[in-house]
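Chain IDs A, B, C, D and E follow the sequence of writing; residue 1 opens each chain.
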């Protein structure tokens, strides 16, 4: 079962790579601007052999992980608190909706102003962007609690905390999981974008150098690396999800004979 | 009607509940007044949709009445009081799908702060008594409807409540299991002296189980009649059900419900509140 | 707030002052890297920490808030900043145009086989510049104007340098104002240079400079002086050793060696050319770039 | 009427407090990048004239709408297919996750190769960024359709398009709406990013121009406008949601009302 | 046992169903073989959790059997066949909360491609016959449990099926309504000549309604007994239920179920398949 899924996924990826090879080869775009997969693979090989690349990768992953962790904790806690405390949701709604769409690119001068090009300014942007993903999903998730389940918990005298832990949280978990997967990608995107624009060390800064140097295959090789990172992150998130949501319709439906 | 502080365990006084929303206004309960004494087992019957679930939820502090009040030992119920257990009609949705059966039963006990070993014991006992000792490790959605309903009952039993509110708890179980569970409930009630309010559609069950049967009218709901069940305290499935008095009582209740559905109460509800003596069969 | 710069104060120990620089990873800043490699800064008691950024958006606030001590920026940007009361102070020359027509590092180019051969033909055409309302816009407009065209009729489009070769090749734009290494890239695709816009603004135009914040300049005149001297020396060294300059570029960019050989290096004079900057300012004013007239006396060293 | 006033109080209180704090904290600021709120508000009417709204806000909003609509359509359609068929999901997921992780600023050049530098490119950038939350939430929502409901539909021969329309989509709609909500603000962010490339008008373009031109108070007003735009769109969104998910909110409100 | 092509409307042959997953393996049904003739009304009884719902779902093409097969008019059932309606035990979850009651009933009719006016008529008829004419505009979650269950029944009736599978359809409705609905089902069956398979826990109901009662054993499930109900075709609540033959039959079924629960079938199941004659009371 699991092996089959893996094979199917690999097949999908292979088809995608083939497409990448074919498009420039067929002359649909000039290969100088969109190099075929094989040339990107060559550049990727050069990258992998470069120790600076691995340092950059480490920097990026640090920024990503720390940012995501902070955003996830803050988002979940804020989401639950806002839903549970009466009237808080109504009171914060307008502010949340106002702050959420403020583009992180507009915050770049702010981040630099505060922290220069250090990790912290990357973190500021990463946390700001991914926090909302988790918050909104948590809000929707908590709202999804079945009224009968909620009444059951209340009738058995479960206090606020116990209700959160045993009823609210499991109900919201599928939503939070989706939020986490969304946020993981957003955090990665923002880490790289911030590095790219601010110049903090990491993969993004390397992409920026490749871009300004007209080193097209190198640039694509680095983009591929970010894509692969995203892929791996998703695989991790999926396996966590399968374990945490074994009871959920979406997971159990696949186990049943 | 004037309200005086009652002596009962549960006092329902002038209860009224109106649902409003999504373009519908339903007066589910118009004016209900009755008392459940401490240690009493009262059965509640009435036509479908007359407001039994609504009444039970108000008594359990899960719904705020539109008017009137519910008193538990003389104190007004505003939220779910401790020591009260509830078995929901929608058993399927009242079990948490993310917990195994054992955990579902255990959760309220954890909340009560019982020790681990005591909890284990209570859970195992309760599951055994509803015939589900094997199913502790299954998820609720892996069980049949009747089994799910029994899990919900086990959860209430394990909780060791003083007051037990049960909303059609045996609707989905087979006749034999039902008989066993009826005897289990009566047994627990006699043993522990708990107060039980039991909603059912089965008239025989109401008469067999209850010390008193409260018949509700069709919507807009009032108390149609209260009937004392003067059968001996020792009841068993074989003999009690064939006793002539049993037949009289069930026929009376049946007629009352039919009357309730037609909307022509045989006695005025206000009078019926005082009807304690067995009615003419 | 006022003390936001305290966290990034240059630290000095044992007579060596560490300063942070915000640079763009392009050919232009080769002298700094070369000077650092040659120990010129060390000799002047400076230790450089170089951060790279993609543009002024990150460098200027960094310098103003004190996160960096020095930054690299083109002169128009500095003048715009100053006219908006951003407290910047240019300290030493950065790069200058080669001043040789058709042999500059910046060029106005069209695609191979394009019917356009002269800037005035750009009327009604789409021309890409890296940033609107900045030095390259001034330059393109001046080239068109000088060729007898009406610059207002040119449709300027903002596009990053590195996107211009592809956009030009696909016909999404009709001409592009590019700098190295994109210039070399377009040339290798057969593109044709129709003007040298920087040369058209003024001879030996000072294009970019190193700058600091006014506050830092006031509080640390001696560090600024050291930086000026060391940079001037580095510029002179780079100017004198173009091959070494080319070689050092590979250490902080990824420009392929084959391209790098073709790249036209900018000029690295040690002194800024004030006359050319005044010309640039006049043209900028004419094009409405500035809110208030920049005070060159205050801005320039 | 009273409920309306109460809502108004809820909507306004926190923003008012925050604005007051900002005003007080920034009032004596001399830092060019942190202008006093007073200055920003004074600049606001000068910058955001009707003319400017017409030339910048309208094209931006049109592009945003087009991109968002595309993303919603594609996200829900693709999400339904992927969520319904396990095999399809297995094939597509790696590729989608791969694409999802690529940052828009480096993706834009690639898109430009295929879509040019006009409106199509910008709409595409917005759509490509917005589609993920919608897609993911649709996939999860579709996967979580209650088994009893699914069986009911099947047994009554409600299959194919009818099943989709009457069962799968309504059942997944709460989660789809969570995704649509997420996508809305991402759309505004991408609108700004897309206008950093080859644009000559638009809100994002203007804000970035202000930033590059060191017109700092103007830039702040731009940020405020973007926030306001987000707020307005979310109000519209909520109105739509309340209509479409009326049943859902009614159902969930059963407990909330009884508290 | 060899399989020959049956003459029945529904043939269940050697049906076996095993659930596996989440660390549990349950053999819900071991080996079931029986036939339902065209136009027959068969009642199915058996202990809670014995696999009645599982059996019904296999017959309705909603579950794939682990072994064996179900034939509908001689053709193997692989998916839900058209013309078959299903009333689910979990009535609450089988109604779509985003549709009003009327729309819930109408949906399958739309699917059938009926005209708007015909649909209106059928919906109104069906709702009226279950006593919910007023509730068409309400959402399911605004109704009581019994009302929800009646909506599910109305949906099946409006569908005008050839084959009707009902899984404890009257569990949540009151005695009076139940009696009415029983008569409704029998009336429809006689009028339209449809084939009905009816799962219930109420033995009286099974005997009152059915032409034949199939008793299932406890898990692992086989057919414990099949019993022909030789009561007259014209039945009514008052007279049929007090007939001596009725009492005999219900006592017999009761004993069978008790035996099933104890796991000691009185007859070997293979024999029971042929038992068509009324058993010794």
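The definition used in the following text is that a residue touches a chain if its C-beta (ideal position, glycine included) is under 8 Å from a C-beta of that chain, and two chains touch if they have at least 3 such contacts.
Small disclaimer: the values here were computed from a predicted structure and weren't measured.
Trainee: Starting from the defined contact criterion, work out which chains touch subunit A and subunit C both, please.
Mentor: D
Trainee: Which chains, taken as a pair, are joined by the highest number of C-beta contacts?
Mentor: Result: the chain pair A-D has the most contacts.
Trainee: Which chain's centre, taken as the mean of its Cα atoms, is farthest from the centre of subunit B?
Mentor: Between subunit B and every other chain, the largest centroid distance is to C.
Trainee: How many angstrom between the C-alpha centroids of subunit C and subunit B?
Mentor: One centre to the other, that is 84 Å.
Trainee: Starting from the mean Cα coordinates of subunit B and subunit D, work out the distance between those two points in Å.
Mentor: 49
Trainee: I'd like the Å distance between the centres of subunit B and subunit E, where a centre is the mean of that chain's Cα atoms.
Mentor: 28
Trainee: By residue number and range, which residues of subunit B touch two or more other chains?
Mentor: As it turns out, subunit B has residues touching two or more other chains at 21-22, 57, 62, 90, 93, 139, 141.
Trainee: So which stretches of subunit C touch two or more other chains?
Mentor: Residue numbers touching two or more other chains: 4, 57, 61, 64-65, 160, 162, 166.
Trainee: Would you give the residues of subunit D that are in contact with at least 2 other chains, written as numbers and ranges?
Mentor: Those would be 33-34, 109, 113, 146-147, 196, 211, 247, 250-251, 254, 258.
Trainee: Sort out for me which residues of subunit A touch subunit C in the complex.
Mentor: Residue list for subunit A touching subunit C: 30, 32-33, 108-109, 112-117, 196-200, 205, 208-215, 218.
Trainee: Within the complex, which stretch of subunit C touches subunit A?
Mentor: Listed in rising order, the residues of subunit C that touch subunit A are 4, 7-8, 20, 22, 24-26, 51-55, 57-58, 61-62, 64-65, 67-68, 160-162, 165-166, 169, 181-182, 184-185, 189, 252-256, 259.
Trainee: Along subunit D, where are the residues that touch subunit B in the complex?
Mentor: Subunit D reaches subunit B through residues 147, 246-247, 250, 253, 257-259.
Trainee: Spell out the residues on subunit D that touch subunit A in their complex, using ranges where they run on.
Mentor: Residues 7, 10-15, 18, 33-34, 86-87, 90-95, 97-107, 109-110, 113-114, 132-133, 136-137, 140, 143-147, 174-175, 177-178, 181-182, 184-185, 188-189, 192-193, 196, 204, 207-208, 211, 219, 222-223, 226-231, 233-235, 251-252, 254-255, 258 of subunit D touch subunit A in their complex.
Trainee: Of all residues in subunit B, which touch subunit D in the complex?
Mentor: Answer in residue numbers: 21-22, 57, 62-64, 141.
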